[in-house]
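Two complexes come next, and they have one chain in common, subunit A, joined by subunit B in the first and subunit C in the second.
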Partner chain A sequence: MKEITEILRREAARLLKEGIEFFIGYAAGSIPVSARPFFAARPEEVDDLVFNTFCVHNLVKYLIRYPNKRVAVVVKGCDNGAVSRLVQERHLDRTKITVVGVPCGGMIDRNRVLAELPPAARIEAVEDRQNALVIRTGQGEHVFEKKLYVMAKCQVCAKNNPASVDIMLGKEAPPVADPERDPFKEVKEIEALEAAGKAAYWERLIRRCLRCYACRQVCPACSCTECSFEQAVPGWQQGAMWLTKAKTLPDNFHYHLIRAFHVAGRCAGCAECERVCPVGIPLMLLNNKLTKDIKELFGEAPADACGVLCTYSPADPDEFA
Partner chain B sequence: MESKLLKKDKLPSFLERLMESSLLVAPVREDGLLIYRPVSSVSEIELNPGRSVLPPKDWFFQQTEAICRYNTAGGQLLLEELVTEKNAVLYGLHPCDIRSLAVLDAVFLAEPADRYYAARRKNTALIGMSCTAGRPECFCTAFGISPVGGEGADIHLTDIGAAYLVEVLTPKGKELAAKYQEFSEEKVAGLEEVKKARKEAIAAQCSVGVDQGVLPAKMAGVFDHPYWEELSRRCLGCGICTYVCPTCHCFDITDVNSGSEGERLRCWDSCLFRDYTLHTSGHNPRHELYQRLRNRFFHKIKYNYDRYGIEGCVGCGRCVALCPVNIDIREVIATVRGLSE
Partner chain C sequence: MSVSKSEVMEAKEKVWQPKIVAFLCNWCSYAGADLAGVSRLKYPPNVRIIRVPCSSRINPQFILRALQRGADGVLVAGCHPGDCHYVSGNYFTRRRLLLFKRLLEYVGYEPERLKVRWVSAAEGARFADTIKEMVDELAYLGPNIRMREIK
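Coming up: the complex of A and B.
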């Protein structure tokens, strides 16, 4: 990880000297077992850049804020899909972006690691030992085998070395995915429930939603300039809003179902929505359900099209919609 | 102040006794998430809670509260105000959250007082609980809060091993304590020392100094500093920090209408949202994300202090723990101190 950080800083300094506006990467976080997005704007700032097993954030969403600027962005394999999707949807001009790929050995699921430390244990040091994460607290050393503590998305990741990037840093990483693990295991478990069971399952979770909209804000597929749930300006809707700010079960469901359908066929699987949720709603279950349905109904999308749901064919036997 | 002892195994029966005459709102763990909500049985309660994910403010200032019902059928306006008069006991508040109610009081109880908040506040007794350890994000001591202090609670509990030290701090607390006869009156020597040692141990972990009195003035000089734009680059513009904040109190009013009747709802709002302070004209004085993010920190560190003489932050660390991009108010405070005006 040290090695990759050094290469990263070197490349970032070079790109900044060549005149890019920002190099969007990661820096160390202020709380244990964390990193944070970091915007280097000058070559002397690159020393704050890092890449390690806590760099879980998908930085691609930030690109939408700078459509006319030359920026470089660090992507892991799971983030990379969002770049091509946004380019295909013409949110981004590919010629202005430098995509810097990093080989990824899996990202640590911070919450799971912290939950297993003894209560009130004070973290004194965190050490990355290739296959294990070692956390020293006042109560001793705790060893976490990385393979078992990477995020759920990493356990089924088949693209931990991002493809078609402009600059690839470091050596290719060995596969991270657990070949035994079915990516749709949890979806199938819910599918197997009776309708009432499904309703009860989702009601309990969706009721809890605070409607902080972190899942929307972080999602690179949520690329609308103005979200339909933010339209409060007087206009053809006579000032009506699709949703009030009221936290009610119907409004919460309304939001979540629309969100899921709006990203259907466009979700790149980065799982950021699920990571950022402060109340632990398993949003990837919804996204994965749609991915699974799309696969079963339409097959794999052609790799270079903008996704299966916006592929048009005059030979399509069905009417529109 | 009266001090008593409560054996640990008696705590559930004490809470049960309280439930006979009041609604008990207590920390409950749901799927690993610690939240405060009304309980129907003591077995649901997390008796020694850590810091909850969501602050207890929701009990007094609900995320969504129907404040009145209206009906205009027959050409007449009928208004029914919805003020809660239920008696409640809120159990298990940590010192930071107890202080947060003083912050909210300054806003909602200043004349003209907010009837909805005032009624809930008046009818709710508070049982505080000292912290037993600091979390990595805790910094309450920066605001002069003692992690073992019960000031603001009616009854305050401190874990001292086999028992809780029970401090009865107000007349309301006295009334509650009188309902329960199983407190022990025995004097235990050295309790003050135990509390003091606990306080110092936790304080040593909360190492951020805030220098109140200096900082608000400092803030005034850095309003236009490029720092805020730089900080906002990684901000997602979500509402997490404001919704998990025990002192954030912005709200929005919405009418939910159905034919000739409806309800007026008061709902939490967040200064990070795009439509926050959006004018009818379409103009927004805080159009850019950096302006909205700056507003949050100015409100916490300066505006609240200027207006009410009490800091808008209590150092609970929830926003630090939950911000998806690690925007850390402790770091903002430290940075602001070092900025040149």
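Coming up: the complex of A and C.
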């Protein structure tokens, strides 16, 4: 990982000298097991850039804020889908942005690692050794086998080397996915429940929602200028809105089902919604359900720019006849 | 004679009847329902019809909101695929609702709560049968309580 960071800094410095206005990448976070988004605007700032197994964020959505600037952005394989999504929906001009791809060996699920460290252990250093992650704390060294601690999305990832990027850094990473793991395993488990069991399962999760809309903000597919849940209407028209501002179970359900449905067929599976959720709702269970059904019902049809729901085929299954 | 509040509630519950919201497309299904009426076909009065220009006008949020705000079942009816007045509207509806129905079932609605049917303007009997069938199924399931605010 040291090596890739070196290459990243070199490329970033080169791009900034060549007239890119800024370079969006990652810098070390406030604690050793984290990273944060970082904007480098001058060649001398590139020394803060890093790439390691904690660079979980999808940086692509930042690009929407700078439609008329020449910006470079670091993407992992799973973030790459967001670039094509936003370009297809004409939020981005592909000619203005420079996409810098990094091979990804899987991102570590930080919460699971932290949960296994002794309580109140102060992390002194993190070392990345090919297949293992070594965390040194005051109480000694802890070795984590990477394969077991990668995020759920990495366990089924088939695109850890981003395709069709402008600049690819380093050499290709070996596949991270566990070939034996079924990406829809959890979805199938829920599908097997009785209606009442499903309702109870979802009610427990959805009740927790604070409706902070972080899942929407972070989602590359949720980039409408005006959201159907938050329209700019005067107070006396608020009653005509889909949702009230209050946090109630019916409104939470309404929000989550429709959010998932609005991104159906356009979700790239980056799982950012799930990562940013402050109350830990497994939102990918909803997105994956739709992905699975789309695959089963409509096959892997050449997708329309706005997703499978913007198109049709007379040969679609008809169970309503 | 005065009755206590609970007695009123009890009486109300005894006569609980399923409430169906039906979204009918203007060109086929609404005319089909009309035909059921003028042909004097008998069907249960539990349905509230909302006429829409085309079945593709139906936003999935309409269905969800109907279910959350008092409907026990929702019927969506449109022209048969290929017969849409707007050429392709109901093909989009079909895709959308195939997916949305599965999503609703996934979060705990019974499959009977949402029914989609193609009813042409000549199929008054089919409309009446659909309503009869739905009322029977919903009466068996009981009131819809999912995702409702319990007050």
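Please note the rule applied: the second predicted complex is superposed on the first by the 296 of 321 C-alpha atoms of A that agree within 3 Å, B and C clash if a C-alpha of one lies under 4 Å from a C-alpha of the other, contacts with A are read in each partner's own complex, and residues count from 1 in each chain.
Just so it is clear, contacts are C-beta pairs under 8 Å (C-beta built on N, C-alpha and C of every residue); 3 or more make two chains touch, one makes a residue touch a chain.
Because the structure is predicted, anything quoted here is derived from the model rather than measured.
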{"item": "Touched partner set for A:E230, first subunit B, second subunit C, both or neither", "value": "first"}
{"item": "Touching partner for A:C212 - first (subunit B), second (subunit C), both, neither", "value": "first"}
{"item": "Contacts of A:T248 with subunit B and subunit C, given as first, second, both or neither", "value": "both"}
{"item": "Which superposed partner A:I31 touches (first subunit B, second subunit C, both, neither)", "value": "first"}
{"item": "Contacts of A:A120 with subunit B and subunit C, given as first, second, both or neither", "value": "first"}
{"item": "Touched partner set for A:Y312, first subunit B, second subunit C, both or neither", "value": "second"}
{"item": "Doubly contacted residues of subunit A, that is, touched by subunit B and again by subunit C", "value": "248"}
{"item": "Sites on subunit C touched by subunit A in the complex", "value": "60-61, 64-65, 68, 80-82, 88, 91-92, 94-100, 102-110, 116-118, 146-149"}
{"item": "Parts of subunit A lying in touch with subunit B, wherever the complex brings them together", "value": "22, 29-32, 34-39, 57, 61-62, 115, 119-120, 122-123, 208, 210-214, 216-218, 226, 230, 232-234, 244-248, 272, 275-276, 278-280"}
{"item": "Subunit A residues touching subunit C - in the complex, by the definition given at the top", "value": "190-191, 195-203, 228, 242, 248-250, 253-254, 257-258, 260-261, 264, 286, 289-290, 293-294, 297-298, 308-309, 311-314, 316-321"}
{"item": "Sites on subunit B touched by subunit A in the complex", "value": "30-33, 50, 53-54, 63-64, 132-133, 135-137, 205, 230, 233-234, 236-240, 243-244, 252, 254, 256, 265, 267-270, 273-275, 278, 280, 282, 320-322, 324-326, 328, 330-331"}
